[in-house]
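Look for subunit A in each of the two complexes below; its partner is subunit B in the first and subunit C in the second.
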Partner chain A sequence: MTPQAWPLIRALRLAILSVGALVFLAPYVWMLSTAMKPREEIFSSSLALIPERWAVVENFSKAFMRVPMLQLLMNGVIVCTIILVVQVLVALPCAYALAKLRFPGARALIAAIMLGLLVPIHATALPIYVALSGAGVLNTYFALAAPFMISVFAIFLFLQFFRAMPDDLINAARLDGMSELGIVLRIIVPNAWPAVTAFSIFSVVAHWNDLFWPQIVVTETAMAPPPLGLIFFRAAEAGDDYGALMAATVVVTVPLLAAFLLAQRRFIEGITLTGLKG
Partner chain B sequence: MSGLALRGISKAYGENHILRDVTIEARPGEFVALVGPSGCGKTTLLRIAAGLDHPDRGNVSLGEREITAMRPSERDIAMVFQSYALYPHLTAAQNIAVPLAMRKLTVWQRLPGIGGLLPGQREIRADIQRQVLETACTLRIDHLLDRKPGQMSGGQRQRVALGRALVRSPAAFLMDEPLSNLDANLRVHTRAEIVELHRRAGVTTLYVTHDQAEALSMADRVAVMIGGRLLQFDTPEAIYSNPAHIEVARFIGSPQINLLDGEVDAAHGVRIGGRLLADGVNATPGTSVTVGFRPEAIRLSAPEQAGLAASVRRIEFLGSETLVFLELAGGGASLVAKLAPSEATAFAPGQAVTVMAASRDVLVFGGDGARLSVSPPMRMAANG
Partner chain C sequence: MDSIVLPADVRARTSDPAAAARRSEAFAGWRLAGPAVALLALLILLPTIAVVALSLTDFELGYDEIRFVGLDNYLELLGDRTFLISLGNTLTYTLVVTPLSVALGLGAALLIEAEVRGRALFRTIYFLPVVSLLVAMATVWQYLLHPTIGPVNALLRLIGISGPNWLGGSDTVLLSLAFIGVWQAVGFNMVLFLAGLTAIPRELYAAAEVDRAATAWDRFWLVTWPMLGPTTLFVVTISVINAVKVFETVSTITQGGPNRASEVLLWTIYQEGFVYLRVGYASAMTVVFLAILMVLMVLQYRALDQRVHYT
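This part shows the complex of A and B:
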């Protein structure tokens, strides 16, 4: 291959990647565009990204006035926080025990975790709904969070991560006088931040955007997380006011985007700073 | 000060016998080296002493205390790991302080935030800082205290690991090949430092290594383990010049001991190539034996003198000494002789020579590898 051929190949590669990126970004761009258009332009037959008349203030103020946006966002934050905190609190010691302690039944437990990874929430939704309904806790944060509090995915992820940690590190901690709980808190957790951050991204994204489960256990706007709130909004108020609906959607998406960018930086810092190889 | 005793230790993983009835008693303040090829069970034995593994049989005691069933943290034993096992998220100072903090502060006092408000903890923390600094000065790492392990070289990490073990003045020290990750220069240097530290602290020490030179040079007594058995436990001098087993003779000493196969004749002598190498061997005539002599026991002289005929194959000049590799005439067995460089100048590759060894330097091992006694000791072996 001649050196002159390189720029061509690179240009081609760049073009293919750009097309791919455009395809994936198009819905978001359209969402932003719609959120800024007045009603008549949304339904006009022309496909224009830039609105002729800007309706940003109109759409966003409508979204904030007609929908309890702050309530929805708050619900999302509370539910995601409960889920994430309990998931990590359960999964860290559990994964440590499975990765580093020898006890009868450990293999069976790991097999059970693998099985758990295979069962989707949709399969167990009905029995869990019946149980929550029987307990009379529908339309509560607890009902929204309960099925996800023990995450086999988190246990699996941490398990893989802890297995790579040297045994001698834990043996040294034992000789230094730490209890097993002390080892988890003082040695494992400080070194597991990259794994915890990575998992947090997965967990928060999944549960912030989740529509399936909230639709089952929540019927009141007061308890609805953002996506469900938007559904309520569309059904009850907006009707065909897509500008306001898209504005509300933008508001719902922004915190997630911000959180992700923030966590991503922390995530990379976490990997480079801990120096686990030491 | 207390001695550390491992008595009748056996350990097996399934059919795989790692340790078979091993007994090692280190006297108070003694430096004992456990040496053997990899897989001989020496590290497992150390882990049993630390409480990280549990023996199938046998018991461990520290001074008057029986500690077999105790958890590692209750044993008052410190260990230095081959990988150093420093906590990567803590600075050197924090690493060294961990064992003190775990022992001196209560659970509540260790809590971040709340712990700082409890009475008494300020004095204890100041005391810990003082001890950390003291230990760091001893090891000359006081300028590294703010660094994390990732920012230190291998030798520096190794010192921090030593510091973490030293700082709490344990009743016994365990070291698992602490020098094996260092480069050759640093290894010799640190070897001397560890011996010096031991002399000053006077703490009973078990030191695991696969390097026989390290074991011989550092230890008060050396335990040679091979295949899960303790073959000999004695002073370095005795291990070297008076090995109890052929495997010990083979493992200790560099270059390796010269070994020749032979048979005990009717007069209890052992002849190789028609020459009497050993006399008065305490074995029934007809027994197959192995005769061994160290490279430095060999005297080389011109051919046609009394002794084993051989030819020089290769000469290696090592500075302070010269190794002469020889091939025995007829049999093809190879030997190595260690000579002073001035003596070695008389020889060149291809030259025919005569090999001799004083009978007091000749060791005879039976078919099972055990050492056989030889008498009388003072007769010249190579004059038959």
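This part shows the complex of A and C:
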């Protein structure tokens, strides 16, 4: 257990970790390198990471010209925001009611929520798609966000959080004549930030990266979130202009990676705390 | 005399406000939970029931006719080669990805936990794939594994091996996808194991040392492994469920090819239901998929109940 006592074992440990780290970093290094290389150097299949002729401007301008890259990022931001805001607005009051109020049907509701945890989007996608298609609202932000407007997972998470919260705080507010809605807004929400932050990170990571649902309800590039946009870009480019393709992957990967590097602890906490959703 | 009348009178007076308070609490409860209840019913309960109902019909989007066909769809599934290949591939993929990503995640966690230096750095690096856009990283891996211009085969050529067409050959495609799946999942499992490791009381290691476990290897089997039981079970379950849900890499890189060698469950459902619009038939596949997930979760609960409580 003491690192000083075993220099050899320690060296071995560091060596294994470093080799592993190289494997994990390799795709990112090559992604950046290839995004800067001109076509002929990519096809020469040399292993050099630094390009002989820099093609940064060329590749990135292609990525931005051939697909509305900013529009894609914007779509991602809009859809993730809609989903997150609705999820939290719906889940917070419900979780508070289940944790602190007594009302008939509360037990049945909790049972329904636990059951809901077992049902992934892949199972409900077909009927929801049929309904959205029938309503003629495919290719809209609404269609992209609709199935995720309820997160049973958020309710579950907040419920556990609120159960641990002292009742005195709430009773004091009640004695002051605050309404239940007022309690939610002025007492619960400010105190629930840690849980809300963790859930927000989980939700944004999940929906920013999701391909399955967008690929079902969106066929127009203008409405596509980043992952689907990337798929359209590949199709349009016949997938072999790797320089431009890698430039595009850099653009769509960087926002979340940057956020992660800035707030690592929170990200890791958020994603593992909520790991149970899978 | 009065004292006989009084109790009933008092009870009536106090129970009225109490009942009113209960009523208003119930009312507040339903009002606050209302939106969630409505959305839960509309977006989860109803669609789940609908998918089971649709699986008993021949419904196709674009055709108005809908006919009850009983279990015909399920019978058709039994003889559907694509579906059976898809099931088999999903099973193979899961059987490769789960043990590897769990073992490597545990290995990384143990090494990082034991190492003082660079702990945060390694953790960050191993966690990167979890927060990276999987579609984008799949594209990068496709380039890395490209048979002629890809760096992986270029490296292999340096040592005189001519690498295969990793993602283009029907023998290697599933394993290559599984490799990407492992790369993506290790960091997540590692972080869960790290959390599990910090929860093990230090005194147990000291006690084990005093007792009979002299080497780190002995201490691992005597203390770490049993204490990690619940974490391991949890990580295995999540890994299995995520592996069964593999979709992004297949959709991005191979589209089920070549020659259905990377056809997996969700991809088959996607094709059948959302491309060919055979909603009824795809619903039957979805029910099978959902049943598989349910069985996995029940197995987890069972195992949790029975074996893994050591504390």
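Please note the rule applied: the second predicted complex is superposed on the first by the 232 of 278 C-alpha atoms of A that agree within 3 Å, B and C clash if a C-alpha of one lies under 4 Å from a C-alpha of the other, contacts with A are read in each partner's own complex, and residues count from 1 in each chain.
Just so we're on the same page, contacts are C-beta pairs under 8 Å (C-beta built on N, C-alpha and C of every residue); 3 or more make two chains touch, one makes a residue touch a chain.
Note that the coordinates shown come from a computational prediction; the quantities given were computed from them, not determined experimentally.
Measured by the number of subunit A residues touched, the leading partner among subunit B and subunit C is C. Once chain A of one complex is fitted onto chain A of the other, the partner contacts of A:20 are limited to subunit C, with no touch recorded for subunit B. By the touch criterion defined above, A:98 reaches subunit C but does not reach subunit B. Contacts of A:43 after superposition on the shared chain: subunit C is touched, whereas subunit B is not. Of the two partner chains, subunit C is the only one that A:252 touches; subunit B does not reach it.
In the superposition on chain A, the residues of subunit A contacting both subunit B and subunit C are 179, 275-276, 278. If you check the complex, the residues on subunit A that touch subunit C are 1, 3, 10, 13-14, 16-17, 20-21, 23-28, 30-31, 34, 42-43, 45-47, 89-91, 93-94, 96-98, 101-106, 109, 112-113, 116, 118-120, 122-130, 133, 146-147, 149-150, 152, 155, 179-181, 184, 205, 208-209, 211-212, 215-216, 226-228, 230-231, 234, 242, 245-246, 248-249, 252-253, 256-257, 260-261, 264, 267-268, 271-272, 275-276, 278. By the touch criterion given at the top, residues 22, 25-33, 35-37, 39-40, 43-48, 50-51, 54, 61, 108, 111-112, 114-118, 120-137, 139-141, 143-144, 148-151, 153-155, 158, 183, 186-188, 191-192, 195, 205, 216, 219, 234, 238, 241-242, 245, 247-248, 251-252, 266, 269-270, 273-274, 279, 282-283, 286, 289-290, 293-294, 297 of subunit C touch subunit A in their complex. Considering their complex, residues 166, 168-169, 171-179, 182, 186-187, 190-191, 274-278 of subunit A touch subunit B. Interface residues of subunit B facing subunit A in the complex, by the touch rule stated above, are 47, 50-52, 71-73, 77-79, 81-83, 85-89, 98-99, 102-103, 148-151, 157, 164.
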